[in-house]
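Worksheet: one structure, shown below.
As written, the chains take the letters A, B, C, D and E, and residue 1 is the first residue of each chain.
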């Protein structure tokens, strides 16, 4: 393999790690990210199990490294549109959407948000907070510069052609409405796919009342609710801003439907119990699980630490009812029916392939497995090699897994590439 | 000190968590008492008890030690050392009848801008209550 | 229960003979103990190899010219002695030695440690005093009666750790009415027992902790309370501290004689802490005046952060203070509080690391989270 | 050397002037006689800003530079680069944070201005005490020492060995392959039907860049990334005790795992009845294709017991459920009418393909029984009776054969090796990774990596992945012809002040400090030190200096803050 | 260094005599009150009594209220003035005008330190005062009231009392000497309830001028009284020297005096001349293996701990004795009451005579060991050449 360029798709924890290891080795890395910021899902977490470590503190240095690394070229708001060729000689076409904000000029002072007339749901915050048409996903997002959402910006979508509120507010003429989407063509030797995962859509399971009852949360919503840089800047409350007295956490949302166990939900569900206990020590917490899947040397200790603080129940089947705002979880535990009335329900959904997976699979010319994740060759020989030599699949793009495993795979992919080069 | 006068607070912040948290507080335009002067060290483990003592004897109305939460230390264990050193100082102050409140230790992570704002403002008020550090005007030190 | 041998002799000469025989039979090659210098009443620690010189040895003489722990450390700084040595130390000196060993400043191997249930030592300024001898005999009387001798150091008067830890052989002195007729040697360790044969006496079954001892302990604990209170003067806080240390000359004698202050060069003697002339203007502006040389309090507080947690309350520092500052009492007060905080007993266990060098992840977990 | 200090205040567009009276600042600073020149600029980090700064440094012949602008996190490197380009030592530069931690947190302009002044003055006095630090470069070896010849070790060796990189693979037994070598077949549903391990071993043997040392042990390892020295001792009869010293740039520890001793808990009845076998013994049966009871008959019913040792050890070993499923499948496929009962606590099937494997087993008629724990396993007639508890009520089942799946535990020489290389262990006695989340194969000793079950229970794919991960880390840090650049802002010990008490050794997490018994002083290995400065705070003699964060430098900041 | 001091030597001495109804201390303080008020100085270095304690210490006085605790003639010498002065003037440039009111021995120490660049005298005005001596530090701390009282009496009568510090009893340099040490001298031995100001340099003259004093008064009274006292004390000193030379002549008499030493190094730390940041003898640069010590022991039968106490004293002596100002600070600080001050003073006396050097007499005199004359001590190694030289010169 002659070509010393590598394409990395996705800038989550796995994508970043792979890029850094390769870049440190002196390779040129092209890192493509569809969002306006890097860090993927992990930066949404306040703390990660089992050590309840602060995820932002843990990742910020890595993000900075990625942004400052001479060997990494970052393509934000970008997607891969075409690929051809094979190991050592891939041709890649990337579509880079306009950000309308110059990363060189902008110093991230944030003066431009307030003037913007448009406000929308912030999907980064699971719609729990508002953002402007010119926005950063959350405080501390990196790169620390906003982007303009062309669909909703009244200037760009033509609703108010003369609006230049943000432009005026900006002291660095960082805003450039004339910026155009562009197409970038690259020659790379190898491709690493790290497109991560999405949450199983729990609203497809009506019996859990998500969307119907306001205080039924998804895992990701709850992560943001707890986050210091989230919509409530860390204040744990019910939608109607009341303190939490009791909560039910239901595992395995979509395990049956999907036909696999995601391997991480048990742990993060227990992490939630930990969160609540941390901020509302009096709160009663009830974990409903099927099999407890807590592999690894330190996870069970986490469980043992919790099990006398909160209630664990193994359910055969379960549902969430709600009458005028009051929630009820009714479940059967080996044969016996039973129920509780928590004021908050958290649903822990399975991890599913990220939205673009099918499309990207076509573009890369690699196949998906029965569950929709990118399929790899023989799990034991080479767990991260796709059928196509030179294309590697890492992190949750390859299947549900936790952070350490994703990072291992990232470093492994780098290892594979580098040993090709030896 | 009358309310006009602002107290003098020295903050020793670890580079990886607390200092970043402080920066974030700035970026989020949170109001932080001007009395606080931050000093960046690589790790809370670097905070030599003598720095704290000297700041106190030189008349600092308050000294804040800040680092990553236990377990989050960028250097793995530095903050545990910091914690012991703080405990020691605090104990010495108590035993000698000095105002132990003039020294404090807080864990502030990189994302905890709001916590940084909270603790600094609270401490600022506390120090105001304490009044001027007697060491400031003490001649016979 | 430790092997005990009763010797029908005056304790001083009994121990003397015991050591002498060890030396003559070459069971040991040298004795480290107190020795009379000459007629002016001065005694000092010496390593003695010749039986002839040993005549001048006075193992139990109630003075502590230097902390023997510190002396032994300078002797074994570069490693263990190859030839076996016997050393007579007071409990606090022994604790100091242990603390120093922890800090790689000494080595106990091949040293037979002999200590005693300690009645305290006389203040150094009584050394060479004209009626020294009578003071000493008064002292022994109080030891027999297990009473607190007023001529002893303040720290000794309130020392409740007067029974040695880690001693191979212990001389039972305190509370023995017939001290000038008979006394008991306790052989606490296998190492000690090797030498029990040399003790010409009858083996008895006794415990070192007698009722007298425990009462004595109580008395001293009460006194400790009292002395600790006294260190706090009417005006509280900084002012009181300033007043206590006001006479301080900054001679740093306290740190020079302190066994725990093992640094070759004290940080506070270094340029680092000199007064920067540049800040004179601003200091005078604020204060209207400035004590010079300044920095005494920094020195004392700083020294505390370095050693108080290991303070063995031997009282050397108070004794050498030319201006009678109760240094020892203050440090001992801070020390005992720190030692409680870190659940640490200086000199107890050579293996136990000093608090500065270690931590537990699950301690003080409340701190920093408020 | 006389100091030419230049101070440059960045306006950062409107950001700083909004809250800080920059002209006042510049005016007041100009009055200081310490500084040679004070200027402001609209945006120093912009290209013309950098150009301006560079020219200034050259024009004014500055020896020291202070820039008052944003947080060091943002632009410290940017400006240090500029200083370097201007021919200055970049460490004679100080960035003062008057944006994030001043302008942006203080609404009152007056207060903000006076605080900014304090900060900048502090910066000026600090920079006067800066030392011109030099970046070091160290020659490196690129060869790698791999300890442990199991599947992880082999895979690591294979992906590391190359034309200009030798690998020394040390295995303490007389053959490669480790535990995986003993397995009948690797989980079929994960793809491989082939005898994977044997193949890998062959590849390793035929690779001329891999030196294999069987029946050998690593006796000593010292050094740091790029420069390790190791002593390998052979235990082969013919060359008993022969030692060889090798040099390597990195070390991979792949010492694998052992199995929980079933005898520890009598409830399993292991050893008391020949028809109660451990999973490993059952693998042998499969290998020899003889699944039969001791009396030679084929079993009519088999109980597969999961989670032996989980409660005792306090963790789930992750792989047992799966290989029990593998056994079930095998039994059903080879003895069609056999009754298979699986006794499990929780089914741990975290991998995407596992669930279906489980479902297939169900379809084949394998019976799955939940239990909280095994109470007793005893002979009754020619059958074995397994008594178990499930939600507080006990149940029995009786079978011909019982297969018990023991937990994975640290291999017995783990602690010894940890001692040898001063690597930390976790609560369960496995090696501890440098960072459980972000650095799963690294250790506090830079250049020493760990892979596979030496880190804790994991399956073969994960072990393989980790082996590739270690090679990734190593291949990117040890490149032939390249030098390693150790951290510059490290600690140093003044020999004449050091008393040799070794307190610093105990607080240094990275083992960067060692004790020199001849000089009687502690010594910092700058190649290992990460510059956290914990040792400085611990030294009573004030003998340790942490470069760029020295006592004087920090003290200046304190003094200015208090003026 | 201040050149225009030379001519002051030749000046016929005249001064200013001030009445002191409110008592001498008050009057002296008044002079400085005025000086500070008129900004002649920024600060005054003077001993003061720490409020609510019996302790004395040096203060740099700026705020007038502090005059209430200031005391030009305290009953004890706490820190040696020279040491105090250097403590704040050696680390950087002094940018304040400072007046230092000190005892003659402290002035002498200051001058020695000035020669060693441990004091920056540029903006400092040295003011000496007739010194009645001081009481032993420990005695005072043991009973401040009693000792304080008796000092009052002694100082008023200028009596050479047994209860004074030995150094003070034997001090014949308690007043102004014919040298360029101080800029202004305050004479007290003159007529009762009079304070005599004697300018001793151009700076001193300017000072008087600024204070509005014409230095026209004759100094006869003061000089005669002073001379008388000097004679007495010199006699006492010679006696002491004689006695101690005897004492230390007999075999290891010298060492016997020191055998109480416990190595606390208080003497060194109290000594103004021991200016070293860190003493060579603290940095026990040589450690031996236990065997070596045992070997040494076997040679002598016994080895004294702490080690090297003798080395310390002799070594320290070799470092500083030529500049010893006989202030007695060392003896004050000794916890085991070794007459270390007298020993050093006695040895100092001899060696200083050898180089005919009086420490602290003149600012210009180079330190003996920083300066040598080619033909001095030639007898030491080459007696013959020496004779030749002498004879040649004779021709």
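The definition used in the following text is that a contact is a pair of C-beta atoms (placed from the backbone, for glycine too) under 8 Å apart; a residue touches a chain by one contact, two chains touch by 3 or more.
Note that this is a predicted model, so its numbers are computed, not measured.
J.: Kindly list the shared contact partners of chain A and chain E, in label order.
T.: B
J.: Determine the set of chains touching chain B that also touch chain E.
T.: Looking at chain E and chain B together, the chains touching each of them are C.
J.: Tell me, please, which chain's centre (mean of its C-alpha atoms) is farthest from the centre of chain B?
T.: Computed centres place E farthest from chain B.
J.: From the centre of chain C, which other chain's Cα mean sits the farthest off?
T.: A
J.: By C-alpha centroid distance to the whole-protein centroid, which chain wins?
T.: So the chain sitting closest to the middle is B.
J.: Counting C-beta pairs in contact, does C-E beat A-B or the other way around?
T.: More contacting C-beta pairs are found at C-E.
J.: If you average the CA atoms of chain B and of chain D, how far apart do the two points sit, in angstrom?
T.: Using C-alpha averages as centres, the distance is 32 Å.
J.: How far is the middle of chain C from the middle of chain D, if each middle is the mean of its Cα atoms, in Å?
T.: Inter-chain centre distance comes to 47 Å.
J.: With chain centres defined as C-alpha means, what is the inter-centre distance between chain A and chain C in Å?
T.: 63
J.: So how far apart, in whole Å, are chain B and chain C when each is placed at the average of its C-alpha atoms?
T.: 37
J.: Can you list the chain B residues in contact with two or more other chains?
T.: Those would be 20, 27, 29, 49, 54, 59, 69, 71, 74, 77, 81, 85, 139-140.
J.: Which positions in chain A are in touch with at least two other chains?
T.: 51, 53, 58
J.: Counting only residues that touch at least two other chains, what does the list for chain D look like?
T.: 73, 496, 507, 520, 538, 551, 559
J.: With touch defined as at the top, which chains are paired up in contact here?
T.: A-B, A-D, B-C, B-D, B-E, C-D, C-E
J.: Residues of chain D touching chain C in their complex?
T.: Residues 496-503, 506-507, 515, 520, 538, 540-542, 551-552, 559, 563.
J.: Could you please specify the touching residues of chain B with respect to chain D in the complex?
T.: Residues in contact with chain D: 6, 8, 10, 19-20, 22-23, 25-27, 29-32, 34, 37-43, 45-49, 51, 54-55, 58-60, 74-78, 81-82, 85.
J.: Chain B touches which residues of chain C in the complex?
T.: Contacts found on chain C: 232, 236-242, 246, 267, 286-291, 294-298, 301-302, 304-305, 308-309, 330, 333-334, 337-338, 341-342, 355-356, 359-361, 363-365, 367-370.
J.: For the complex, give me every residue of chain B touching chain C.
T.: 49-50, 53-54, 57, 59, 67, 69-71, 77, 80-81, 83-89, 91-92, 94-99, 105-107, 119, 134-141
J.: If we count contacts the way the header does, which residues on chain C are in touch with chain E in the complex?
T.: Touching chain E from chain C are residues 29-30, 32, 35, 37-38, 40, 42, 44-50, 52-54, 56, 65-66, 68, 70-71, 74-83, 85, 124-125, 127-128, 235, 242-243, 246-247, 249-253, 256-257, 264-266, 269-271, 274-278, 280-281, 284, 287-294, 319-324.
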